[in-house]
Amino acid sequence: MGKIKRIGVMTSGGDSPGMNAAIRSVVRACAYYRAECIGIYRGYQGLIEGDFVSLTARSVNNIINKGGTILKSARSDEFRTKEGRKKAHENLVEHELHALVVIGGDGSFTGGVIFNKEFKFPIIGIPGTIDNDIFGTSHTLGYDTALNTAVEAIDKIRDTASSHNRLFFVEVMGRDAGFIALNAGVGAGAEEILIPEEDLGLKRMLESLKKSRRAGKSSSIVVVAEGDKSGKNVYELAQYVEENLPEYEVRVSVLGHMQRGGAPSCFDRVLASRLGVKAVELLLDNETNLMVGLKNNEVITTSLEEAIKGGHAINMELLRVSDIMTT
Amino acid sequence: MGKIKRIGVMTSGGDSPGMNAAIRSVVRACAYYRAECIGIYRGYQGLIEGDFVSLTARSVNNIINKGGTILKSARSDEFRTKEGRKKAHENLVEHELHALVVIGGDGSFTGGVIFNKEFKFPIIGIPGTIDNDIFGTSHTLGYDTALNTAVEAIDKIRDTASSHNRLFFVEVMGRDAGFIALNAGVGAGAEEILIPEEDLGLKRMLESLKKSRRAGKSSSIVVVAEGDKSGKNVYELAQYVEENLPEYEVRVSVLGHMQRGGAPSCFDRVLASRLGVKAVELLLDNETNLMVGLKNNEVITTSLEEAIKGGHAINMELLRVSDIMTT
Amino acid sequence: MGKIKRIGVMTSGGDSPGMNAAIRSVVRACAYYRAECIGIYRGYQGLIEGDFVSLTARSVNNIINKGGTILKSARSDEFRTKEGRKKAHENLVEHELHALVVIGGDGSFTGGVIFNKEFKFPIIGIPGTIDNDIFGTSHTLGYDTALNTAVEAIDKIRDTASSHNRLFFVEVMGRDAGFIALNAGVGAGAEEILIPEEDLGLKRMLESLKKSRRAGKSSSIVVVAEGDKSGKNVYELAQYVEENLPEYEVRVSVLGHMQRGGAPSCFDRVLASRLGVKAVELLLDNETNLMVGLKNNEVITTSLEEAIKGGHAINMELLRVSDIMTT
Amino acid sequence: MGKIKRIGVMTSGGDSPGMNAAIRSVVRACAYYRAECIGIYRGYQGLIEGDFVSLTARSVNNIINKGGTILKSARSDEFRTKEGRKKAHENLVEHELHALVVIGGDGSFTGGVIFNKEFKFPIIGIPGTIDNDIFGTSHTLGYDTALNTAVEAIDKIRDTASSHNRLFFVEVMGRDAGFIALNAGVGAGAEEILIPEEDLGLKRMLESLKKSRRAGKSSSIVVVAEGDKSGKNVYELAQYVEENLPEYEVRVSVLGHMQRGGAPSCFDRVLASRLGVKAVELLLDNETNLMVGLKNNEVITTSLEEAIKGGHAINMELLRVSDIMTT
């Protein structure tokens, strides 16, 4: 492998707060180490189409606090084909790019691993997704911000819930992982939290809601992850409770895409800055196929393949804490 | 009419940010003028049930910045019956209450007018609803806060919309009135705003979205009021556009009840403080059947009957501004 | 006066939230009416230096929610000289600019009036300053946002004040005008408000603080405008109280420049959008020397000369409300 | 040691966001395990004065999201005397309290250690301070919230800094520890960060600011910790730079006490919930003299004595990242 002099950076998959801070960090680290940095628009699709832009330290002024991604993101069916990946590689060769930093989730990393196998092209991954469902890091970029967004929204909903003695079902994001639901649920003081990892059973929920009312609570919030195991979606859950607990006036709120946006929290900005620097330093040290992540407040690396395969187990202690909090 | 020495205060109908600030103002104004103040829980229902609490100046410490209402709110079917209102009046007589401040919307004021007719009981109304659909005031309590809440949420959605070149339909509150949709739409820089007052037609919307894309906009936000005139709800609208403009990737977000909660804006806190004082002063001056409101930054009064009947016309100039902004 | 085909826009004086929204509105209104729009950097200084940029409808995407001003702002001593203004005019002629929209405060308008007298150059002013000290408009751009920023900061300070039973002196902006202090003070539930318009006297403040403690309040907030009439600055005031009321533990917080920044409120964004359109329409109608403003929720115009001369009287009713609220 | 049936909880020292969430957690955990919970007002001073309140699970409804502390906090000189501590112990015996949870910083823990030595009274500490300067936990309660508060304020200041091409010195809290300055500085994209742990030298700062301007940055933010090693306070620093770099227009902003208040972040609420449960469980298991904390996202314990003695080293990698970011 020759010397790395020109590094590409892209954001791929669903966007998350902190992606811009990570782009800024990659660009500034390149400038610091006197490597060139090329931005690739719309993830792998832009790679295939050669949609590139040269980035200097000044190109990324005043983006550390912006949600979304200045490089845009997209899904690319074409990159799933051998033909598409070949075009992508030709563009990289033509533009004399020597390595790639991919900011995204496990779908994006899977694409990177295949691409690296086929073309021996150096790739480092930075975990960017609000779902926190990636092995090899305690926190993904955007997760902390999404938690604050969810909790602030639920705080507002609680104002009206408690004014009207109502029961609210609030759906938060996290299709296969209950991290947001569990943490935002505890943070918002939810009476009940339904997550995909745990099948608590609908009867148990009814019991818990009855208990909560007996305990003198006049309003309640149930936080539900998108893909919870009950098999019912949030509207069906609400109907089920209304039918079985007619004393409750039930309302539903789906927080939706606002959880993906907004100015990143300080935590996500600092994390993005640290991971971006490490990603560039690894490439300059001729490392490849690694994901940078955080563990015990230290920056660590994991092989991309492990990061894809490994799950990120939910914290069972926190479920127990949640239970105790709803006494 | 004898001297007013004991004044009741209640919140009724849907809650809105600033209701607590108004309660505080009524309570403190009573204390200032050496009248007693009695809080009535859960609106007219609490009046019927005699669910009262004595409030002193210190009872309302640190509530000016809280969403919701410490007196709770509820709908009361019983108050729609002569029997219910009779019970309510008996409670007022028994507790020696001489007048009532009702913080709520036009439904609450209608109840107040009927009650006053039947029992000659002095009532002053304070307009509290996020919808701004009440005649006799330029701003209802909570409207300004709800606008900021909506705009901040749409700002977040725009982050993700522009990162993915998507079209978002965002539904905001306001069942019969497009105030929130029109103002939050302009404030959030929406490409299109659909409100109940205007039937712009679905074809016009399609044309506008096509124009917007031709003009080089890669992402778009359409703000839709709950009860817009198209007759389609926001999910049907989204589907309609997806079918007719397949180049768009469409998403829906319903902001929902979070718009009712949250710490009130400075504007709503100041408005609540001014209206609460005026309501008490009017009662002490033996005035009744009036709503206090704001016009040209002055506190004014309108008869409750007018306030109920009159509509609050949408600002057509703002529709035109919105049109120009989407050039 | 010939036909207006090319309009310049600048921001001048201290920046305020909503200036970007106003720039966007001017640019989009020009595009709508098929006039060209030229941005002038750093106010009058950029005019003198010919620091211009062509602005299209797309140049102002995604700035409606940004604080500060993309055109930057500066003070210009050179523009106070005849020589400087001559250079400015030469640049305007050379670049074939036919009219100017100046977003700023009364200092900026004064420069505009002089310039218009000397060169008959059409100018419309948009009031942009957080201080709300301009005649001819109920609200200046940025004022509403600054109030919310101040109130949110004071809410945080109250948390710690009431946890420690402390007295806080909080200084807010507004050198010659007490608008921010009076409204943010009422909005934050301050026990005392000191503004330049009113010399309440230091003894009266001591009495009021003593009364407040006797009334059972264990913590207190005093909001002070930068230029209050007591002649003492906020640190001296704090010391004065500590010496005279030793039972109080006193702290000072100066909110400072954060009050000038941040995403504009919905109100300021809508106001900016309306005023920008009107400014362009006036110029295209060959009007000049006017300031656009808001009165009774309608867009109105005032001659620039009046706008400069006239003051904007403080709302004495609000002082009275503040007094009642601290019962 | 007998069975623990009645547990006291207090907040002591400077307040921090999350203290209420921790109180709630202690109270609810007591209820869950069927122990009584007694709140002690104003820390050790309230212990001496017997200022106690009985707390049930319902007493702590809706406080998880509130800044400050419902139990108030205070410094107590009397508790530093043997006499004072004796009174405190007598109150505990009289009210049949068997153990104490102290939420506070190292000063509060020192008092606890002495008290435990003298009276063998079981004590568990929960680290609550925004400064993050306590050994035995990666995060103290309130630190994450304070970072977000600081970063949001600096974001606002940057709006006005970049509109006017100014240099701002922003002082953040953290008298002996630079955690807030270092992390908020990186998070806010500061050009320079001055912390007590590092004496970078004033000349180095001047060089760095010159470099930054040469690199094309027209505005700059320098974040300064209260107690930075330069020996100059933030106003002197600003003056020093103005004298040596006259091309800069310099401004100062001291963020001050607002950093201690506000609704806690989701992180701080979850941390508080976890630590409160653990504290109660430890006491019920007859453990004492421990501080609960977080390490690698697990709840751990440290002896109070170690927690007091040990420092919490600043992350030097982050200083390096900060350096690279200002390229």
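Which chain is which? They are A, B, C and D, in the order written, and residues in each are numbered from 1.
Heads up, the rule we're going with is that a residue touches a chain if its C-beta (ideal position, glycine included) is under 8 Å from a C-beta of that chain, and two chains touch if they have at least 3 such contacts.
Remember, predicted model here, so these are calculated numbers, not experimental data.
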Chains touching both subunit A and subunit B: none
Taking each chain's C-alpha mean as its centre, the one farthest from subunit A: C
Averaged-CA centre spacing for the pair subunit C and subunit B, given as whole angstrom: 28
Inter-centroid spacing, subunit C versus subunit A (mean Cα positions, whole Å): 39
Gap in Å, rounded to a whole number, between the CA centres of subunit D and subunit C: 35
Per-residue multi-chain contacts in subunit C, two or more chains: 155, 158, 162
Pairwise touch network: line, ring, star, complete, or other: ring
Touching chain combinations (by label order): A-B, A-D, B-C, C-D
Residue ranges of subunit B touching subunit A (in the complex, touch as defined): 11, 14-15, 17, 19, 66-69, 72-74, 149, 153, 155-165, 168, 251-254, 256-262
Of subunit D, residues touching subunit A in the complex: 24-25, 28-29, 31-32, 57-58, 61-62, 64-65, 138, 144, 147-148, 150-152, 155, 158, 162, 183-184, 186-189, 215-217, 263, 265-267, 269-270, 273-274, 277, 295-297, 299, 315, 317-318, 320-322, 324-327
